[in-house]
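The following pair of complexes shares a single chain, chain A, combined with chain B in the former and chain C in the latter.
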Partner chain A sequence: MKIIEKLKNIFENNNKIYNQESLNLEDRDKLLHKIKFKNSMNENIEQIKAVFGESYDLNFRKIKIGQEKKVAVLFYISGLVDSNAINDLLKNLEVDLLQINEHLKKKKVDLEYISDHILDNQDVELLDDFDNAMEKATNGSSILLFEGSSFCMVCETKGLKLRSITEPNSEMSIRGPRDGFIESIVTNSSLLRRRIHSPHLWIKDMKIGSLSRTRVAMAYIKGLASEELIEEIETRLRKIDWDTILESGYIQEFIIDQPKTIFPLVERTERPDKVISNLVEGKIAILTDNTPFVLILPTTYNMLLQAPDDYYEIFPIGSFIRLLRFIAFQMSTILPAFYIAVITYHPELLPVSLFLRIAATREGLPFPILFESLLMESIFEVLREAGLRLPRSIGSAISIVGALVLGEAAINAGLVSPPMVVIVALTAIASFTAPSYALASSARMLRYFFILLAGALGLYGILIGFILSLVHLCSLRSFGQPYMQPYAPLIWSDLKDSIVRHNLWNQVKRPKLFGGRTPDRQPKYQKKTSPEEDTK
Partner chain B sequence: MIKGEKISSLQLSVLIMGYIFGSSAIMNPSARAKQDAWLAYIIGWIGGLCLLNIYLYISQNNPGKNLIEILKHYFGNYLGGLLGLLYIWYFIHLAALVLRNFGEFFSTNVYTDTPMSFLMLSIMTLIAYLLRKGLEVLGRFSEIFVPITFLQALIVSISLVTLFNLDNFLPVLEFGFQPIIKASFSILTFPFGEVVIFLMIFPYLHKKKTIKKVANYSFLIVGLILLTITLRDLLVLGPDMFARYHFPPGITARMFPLLDLDPLIDNNLLIGGTIKMSVCIFAAVTGITELFNLKDYKVLILPVITISIGLSIWLYEDLFQMHNWADKVYPYYAIPFQIVIPIVLFIIIFFKNRHSNN
Partner chain C sequence: MINKRLTILALLIFVVLILSGCADYKEIDETTLIKGIGIDLTEDEQIKYSLQIIQPSPNVSQGESQNGATSSGAVTISVVGETIDEASRKTISLTGRTPYYGHSELIVINEKVAKKGLQKYLDYLVRKHDIRGTSIMVFVKESANKILNSKHVLQKISAIGIQHSVNGMNQMGYNITTDLFQFMTALESKTIDPVGGIISLTKNLSSDKNLPQEILASFGGVIFKGDKLVDWLTPKETRGYNWVKEPKEVKGPVIIQVPGKDKTQKVSIEVKNSATKIRPVIENNKIKMEIKIKSLGFVIENMTPEIQIEDKKFRKFLNKMFRQTVKNEIEKTIQKSKQNGADIFGFAQVLNRKYPKKYQQVSREWDSILKDLEVDILIDAEIMRSHMLK
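Take a look at the complex of A and B:
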């Protein structure tokens, strides 16, 4: 520690020491906290140059103010600021000061005077904390330094180029709003505000990441979300001490209850409507700057199989689609395993003609069925991954190779049996029905587990695997909430919105366990009456 | 008892149902009474209900205490501890018996080439994992699976309706009352009397007041379902085949034309057996924890499971011995655990209560 004390002493005499390459990040950080604004403007400029080092994008604009031609310097980082805002700022400073020249003669010009009288209609703030000011500068603010002031003025001139709001690619829907989150947290929270015009929507922000200092915000409806939950999530968020938060996935990993699981314990979405529909059930959303993915917690298994469309269509259709999705998703985990088990151990389960047909196609195949299915599943996974990574211009190549070479040619060459290809294709299609990509991924992993069990023990093995995975699911908790609710523990009133969806006017209560807060969502049973009934 | 873990009334109810349903899904001691099996079954069922209410009385007068604590309280540390030890043996033995049933069923019916010990090991691994997750998870797991099991049992029964032959009931009381009484006694001790094990589970119930209602209702529901199964097997197979086969439900399911419903029965057995064995092992493990004042029951799970696997392999030479034991020895073996000790407890508690009231 003595070395650092020494360094500090040296630093006080000479800023140049800060540039020494021997200082590591930790020491630099400590020094940064100790730097203060000096009275002399030139010294301040030197200090800024010292901390930013050889970065090329620093801008120091000299301004002469008033008739006395007092020199001020505006510091900003190019690219982060809006050039119009900078120009307006400079114009205001120069013109207004000239106009009120009379005042200037009487009064001393300093930063306080400027912020109170000249830039009083702009978003400015006086700061004496050097560290904080530099952080603001990296956020797109510009900093005005003035001779003789040991503090600075921070002017809001943010002007980052952003992607426009488009429909999220990862979550499509037929009916529903077409807007999705983008990479700016401010825009994202505005998308939420647009849907709830009420001050009860609270969005509380904090900075996470010692180096990246990423803005992370918790959004919830005050009075609906349970206070303990909010507190718990906030403490977990504040505990995170990681240098850079690039995506909400980093946060997810730090705050989940049980790291040893393949199931997603936190739901993420790009759709503002989905976030809002969860917030009004008493859940909490975590928005992270620089990513369109917003986390929703606590998460249940049930939630992961729901899509916004279910609610936008009339309820019988919504229920039908959801049921279909539920079955298809379960199918995507066990279909290949089931095929193997039936063919190897339980051929009596199939009608005789079907079994004979399958047996005929398997005549003379080189591989046992277990190996064949593992091979085909792996090839499909490789195809899928390749399709995701490869440049768009050669995208068609992979589909030709995948479909023709691996499908047709492999069958014609007698390497795999056609029913196997059908099963793999069916499984793949079924797995795409899951609205949550994370859940679909865990199903992909489970599939191998089931295939191996089925190969070893047939249907009995599948059942053992099924029971094992269900026991695991039942033991999971997301922020203290049982993952498998409302199925286990069974909550009758919440079953209205589970595998099927009941009509909205029947869903009076909010889901029970997420705080289960009053008030109800609607007055009791505002049942739709037909016009004839009304006239009676 | 272990603090913190709680189960809801529904979870207790599904646990009781799954537990009773367990291995009774494949074995039916009432089959000895041939065409009067249904009568024997109903008598045993009513007897079971009486026993259940005795157990409930014991538990309700000692809220929050499990069987071992109750025994220690009324019989003193030494005698109570000894009785507790016997009960722990009974629970482990019961787990081993169920495991053996289970292994025999699968190795004779489905996986004739797979070694039985491998089948047993795989299910016990699963149970070890399940119990390490705690009683709550067992409850939640049963909540999902027990309704599925019952649905499957009903589906099998309904799909076989066309094969029912009502003549199989006749002639009623061909051999007099004696075989019926014997069979009903078997039914009383297996599966209904085995509910005594729930004296170890009742203290975990969240809402203590509902216990009587929950236990009685679930007992009645599962009794009805087992009655359907008994009737189905009797009506489809006829009294002779019903009495002769080791596992009548497995044969019944194969009677369906063109389609094999046997995997549904396997499924039932697997789920019911898992619940039954988990409850047995849980009771044994928490009993040991209580008896020896240990802190955590989870360390005991693997040792106890290992013992029960070894025991189950060592129990019988073959299937016939197993049936012999189940028919001739088990009913008498279970008397002290299911009937004598609970009734003595019941009388002691009853008179103490009267005394304190006066």
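Take a look at the complex of A and C:
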């Protein structure tokens, strides 16, 4: 404590001391909070230079206002600001010279007058908090300092270069909007606003991260989302004390209920339409600055296997595709294990000709089937990871090497059996049907668990594994909501949108546990009646 | 605390995985895949046990043929043992691999074995859990080993070929398909005697040099009294049995001889939708059986060019002969059953179901009752169509 006090004294005497190398981050942070704007402009400039240190991207533009040639300094960080906005600002300051002159005769420099009358078309704010002003500057605002004033004027001149709104790569759809979130939280919330033209969509923001001070916002439909849930999420968010939030994944990890699970307890998406469709069911979205991934919570297992296309296509097709996806996903976890179990424990289950085929291919193979399947699965995972990380130009080469050379050569050399390659390939393809990458990843891990169980206990082992994972799934909670709803607990009305999707006009109710506050989505059944009935 | 629990859980899982010993774990390339079993007796009454083993050749996977697994070859080995189990284990000395019976589909039994009483020889096959109850049983006059070693026209693996032949011939009604399970059920039952299919070597009539002199063919059946083989059935007699017991399977043809100078004038009738009912009737304390058969016939071949099927008289004659022929076939089989005292039709079973008390009274002297049992055969058969589009 004493040291800090001492340092503070030194600092007040000489700003340069701030740059002493002996100060660690914590001390610097504490000092930063204590700095105040001085009346002298030059001193203020010195202070800014002191806290930013040797950074090269600082800009101080001296301007003179009015006849008195009042000196002011515009401070901004290059690259973060829009040069047009800066020019507008400067122009505005010089336009009504007369006005200023008259005004300045009465008073000295009145910042309020300038912000209200001269820069009235600009987003301007008066601040005397040095720390806050510096944060604004790092956000792209320009700071106007005046001689003889301990206030600064923060002008919104943000002009960050952003990529344009494109279709999200990780979540494609055949039918549906092609816009996706980008790295700017403001743009992202505008994408949400675009879809709900109602003030009931509330987007509440906060800053998280002691260093990064990342803007994080909760979006929800006021009156629909449960107040307790909103409160709970807000408390959990406010509790986060981490230095930098680079991605929404950081937040996810801090706020989930059960860290010891491989299943994703929070859904993330790049699609605004997906977010909105969840918001209107009473869920809550968390937007994070600098990432296109928005979190949706609470999450259910059911949600993770639903894709936007299911709703955009007519319901029989939507249901069929969804059913297919459910089956394929189950297959991706269990298929290799099932193959091993049948071959090693229950060969009598196979049709004779199929069994003979497989038996013929297994003749003289060097590895036991369990090891072979673990090997092949691991090779596939390695290939997949490599394909993901490699530059795109080399990626295709890897896929050729992986698919042709490894697969073909391994079979020709008699290292692995062709049916195993078929099984691994089938599993891989099936695993890509899951719309949620996180869920597919958990299936990848489960697969090994099932393979080991099948190798040790056969179909009995698979059954044990199935029961264990089912028990685990049923015990999971996402923000207090059962993960496996509407299956466990069984909610009959919600089953209309589960493995199959019923007609929209038939889904009168919102999901019971989310949208319980305003349960009805629509007036009673809106089934299209026949013309004869209409006339009656 | 949590860590301790987790450790215990991890240990438990580890133990389950490691110590379960993989009880039934078998690598399929460490077992011999058995397709057919043959049982013979040696001269000193030891068991000669033959196994048809599939030789899975890795070359198959190189796309040598598209016929599926049938392209793999098979080899038949034979060992002598005091019990079947001993013989079965002795095969390891030849193959170096444990026999795996899960896919065996055929059990070939020599006449001599069957005549000695089958129960003791079948015990192992029933007791061993991985032998299929649906394995087809066939009985042979030749040695079972020879049959398994004989060449089938289409299948490289003769066990599969025999099984197909037996199953296929069913539609003529000239063969009986009995699987191990059915056979054992009949064997254990007091009210019905088992029957079995046969396979034999017949002379090759074709001049194709790729075929051996003798090839496998499946015609006829055998009847048992208790667990002992007592008589052989001719193909026609076998069909007589099938008319009663498996009427749905019989497709024909029923051949009718048209009277006249020309002995080659014949009509073939295809049969469909047959149904049979056996009913016991007790009249004046005497037991009588009534077999009712309903059937539909279709003229599928007419070798009498001068007579049209449309001719009413001819049709009437055909109808009459159709019923008569079927009746004759059944009567002959019943005759044989009575002669041998083998209740293959399960008359006792029918009686026991309908009049259990009566059966209890007569069960002791059932053999003598069977000998003089009166059987009424009522046939309601008609020729429906002539298979001709005008």
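Methods note: the second predicted complex is superposed on the first by the 518 of 536 C-alpha atoms of A that agree within 3 Å, B and C clash if a C-alpha of one lies under 4 Å from a C-alpha of the other, contacts with A are read in each partner's own complex, and residues count from 1 in each chain.
Rule of thumb we're sticking to: a contact is a pair of C-beta atoms (placed from the backbone, for glycine too) under 8 Å apart; a residue touches a chain by one contact, two chains touch by 3 or more.
What you are looking at is a predicted structure, and each value in this text was computed from that prediction instead of being measured.
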I'd like to know which partner A:457 touches here: chain B for first, chain C for second, both or neither. both
On the A-aligned overlay, A:353 touches which partner chain: chain B = first, chain C = second, or both, or neither? second
May I ask you to decide whether A:482 touches chain B, chain C, both, or neither, giving the answer as first, second, both or neither? first
Touch check for A:400: first (chain B), second (chain C), both, or neither? neither
Return first, second, both or neither, reflecting whether A:467 touches chain B, chain C, both chains, or no partner chain. first
In the overlay, answer first, second, both or neither for which of chain B and chain C A:490 touches. first
Which holds for A:388: it touches chain B only (first), chain C only (second), both, or neither? neither
Enumerate the residues of chain A that count as touching chain B in its complex and touching chain C in the other. 345, 348, 457-458
For a test of understanding, state which residues of chain B touch chain A in their complex under the given definition. 8, 10-11, 106, 110-111, 114, 119, 122-123, 126, 129-130, 133-134, 137, 139-141, 143-145, 258-260, 263, 266-267, 270-271, 274
Touching residues (chain side chain A, partner chain C) in the complex: 343-345, 347-348, 352-365, 368-369, 414, 417-418, 452-453, 455-458
For a test of understanding, state which residues of chain C touch chain A in their complex under the given definition. 16-18, 20, 22, 24-29, 33, 54, 56-58, 60-61, 68-70, 72, 100, 102-103, 105, 130, 132, 160
So in the complex, the part of chain A that touches chain B is made up of which residues? 345-346, 348-349, 351, 457-461, 463-464, 467-468, 470-472, 474-475, 482, 484, 487-490
